[in-house]
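This report refers to the structure that appears directly beneath it.
Letters A, B and C mark the chains as written, and numbering starts fresh at 1 in each.
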């Protein structure tokens, strides 16, 4: 029982941070309707920035996080502005061109980092990396716990931003109906550029929070991209809340899978859940919401 | 059509004679790798370019083909060349449930579904150590010491793939597949069983991909799950190769493979490990400015100059 | 013996009843018009007949076989053809190839399919454009391509969904001629139409529906003048006349 609780809690804490990464993706997918296979690479770049700030300047990852977020916001905005925006008018046989462009971007980002840092595993050493808090019989890892709460704060802030600010409303309008939003004076180019920047910044934040826990190497991006997708689809495209709970779910599955089945197979549970959701619940967790208002005609 | 035939025949003769001229084993190796990748691209294109179902999980078929050849040798003592027959068969067999599951999904969701399935195969083959030897991989004895027989086998395999692709595309099935790509609902309203024809495209695609996998096992003599079931190095790379060369053309993937392997080898000599970066930049460039791939662009330009067709000429959709 | 029988068909989508107990039967050789305001359920009926949706209640018989629940391609193969309200050409294929896709339904040979297609294209007046890409066609020709493609499947019954919409008077007349000719050759037609000229000009019988329910069935002239039909289209004031 204790082992179960321990694994459960670890899973929730981990899931919270996965969720932050996925939230960036669900935002981007919800607004731009594109599949961004470079998302994990963006996380990876954010992690490397945080790493360098720690190794070279002694900056704690939780502070370096903000700088990484800012940098990735710019990078993401740049990518959307100069590259992805161009594809909207291109007519190709397969609409998956956009996806493949993001693959190209992924390769460029991954290989650039590989050139700079080589493929060695890197990690940050922080004083608190192996600290644990004890609550009763359960031991909580400090970086995991801090990471979870920071992620939670970001999720709440994003939610408030989207709901209550003017720009947030513009983003939601563009996500719902891009053309209609245009007719109401909302410039799609600006919205998409800022959204991609925002999504990238959140991805960087998630990565920075995971830095004390994961080893870092250029290909780690692939791992995060896959997880982000699973969580995004699980939660429902464009749903922040869905992505958060989806993240928790995936974190728990992984943790329980690693504890009770095997380390090697742990990722398969997320994939199977993913397939099941794709096949049987395409709207994701979001579609399970009970409507607050019911209007019968 | 006549022009294509003559052109292809010329190309065939050139490739037939090439190893006589090029006898340095390194260059022969490069050509063999090009032909493997060309085969993979041609196979993928039947499902992707012509039927419009973009699979991100083709590594599953490649890996199953390779492992069939390898495991047949390791567990049953069979010559790995038997893999060239059974590899494609097993790849087609796994294609049946994969298609059954994923064909209910459309567009990008299909892509994600195939991606997930491909990854599941990777995880299973990495962890089922008793059967697959896991991450340790499979090592077999090389069958030939010289590259020459491998070259001709690869050439034969590529030609088989191209012929299958060509015949399919120019048949009734080909028309149906393109119709499915252009508008699946319209296709159904014309009496096409889209489920059946998508599955047909998948089976052919998986079959040829499995064959390439089996050949790969026989050629490089060592495989492990990270090599043959790789999402980024196999599944995604196949798509990029086809995209660069030209989706929905017969020779596009061949050109794409030549560019990919050629560039990789050339750049590796010059730039060391920066070749992957240059490749990535090239991909971005081509997608932005030549979305229909190199061959696609050439065909479009050619078509603009040649208005009006001879009777019986199939439309540009089918490439040549 | 009726070619097509729709018996008490009901279709609900969640809380909305799109089709509410509609029945009618059509004999071979008829040109049957289905009219009603937008949202009255006409296209849903077409979708029910072609297997895109399955009825919540009721049944549909075609050529004496019960077809509700069948997949679309099976119904089409049995002998029903359809066009779409918003035309859906196979854009990157040529006009000829578009029609050949239809023609392949009854043959496996390219030559046969091509010959049939060229013939159909001649009859629908598209022969000049056979080698053009479908996406280069203007709307009027796209509509004709849509019909030609359905014709190539050699249907016994063809469902035409607003083929006259968006066409100028001359084009409308051409479409009417085409319909009459098709019918003369033995194809039964059901058409959904807002353009009354077409309904009154070619239809042999008509059914008016609104809110998924039948209002009146009869000769086109009678149906069109029925007070409830006029109300449905034009509002209360006009019905008084």
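Here, contacts are C-beta pairs under 8 Å (C-beta built on N, C-alpha and C of every residue); 3 or more make two chains touch, one makes a residue touch a chain.
In this text, all values refer to a predicted model and were calculated from it rather than measured experimentally.
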Using CA atoms only, can you tell me which chain is the most central one in this structure?
B
Comparing centres built from CA atoms, which chain ends up most distant from chain A?
C
Hey, how far is the Cα centre of chain A from the one of chain B, in Å?
32
I'd like to verify one number: the distance from the centre of chain B to the centre of chain C, where each centre is the average of its C-alpha atoms, in whole angstrom.
42
Need the CA-centroid distance for the pair chain A / chain C, whole Å please.
48
Chain A: which residues touch two or more other chains?
93
Note: chain C residues in touch with at least two other chains are 92
Chain B residues touching chain C - in the complex, by the definition given at the top
170-172, 175-176, 178-179, 182-183, 185-194, 308-309, 312-317
Using the touch rule from the top, collect the residues of chain C that touch chain B in their complex.
50, 52, 71-74, 76-77, 81-82, 84, 88-94, 96-97, 100-102, 104-105, 107-110, 113-114, 131, 133, 149-150, 153
Under the definition above, what is the set of chain A residues touching chain B in their complex?
35, 37, 83, 86-87, 90-97, 99-101, 103-108, 110-112, 114-115, 219, 222, 226, 229-230, 233, 262, 264-265, 267-268, 271-272, 274-275, 278-279, 282
In the complex, go through chain B and note every residue touching chain A.
48-49, 52, 54, 101, 104-105, 107-109, 111-113, 115-117, 119-120, 123-124, 126-127, 181, 231-232, 236, 239-240, 243, 247-248, 273-274, 276-277, 279-281, 283-284, 287-288, 291-292, 296
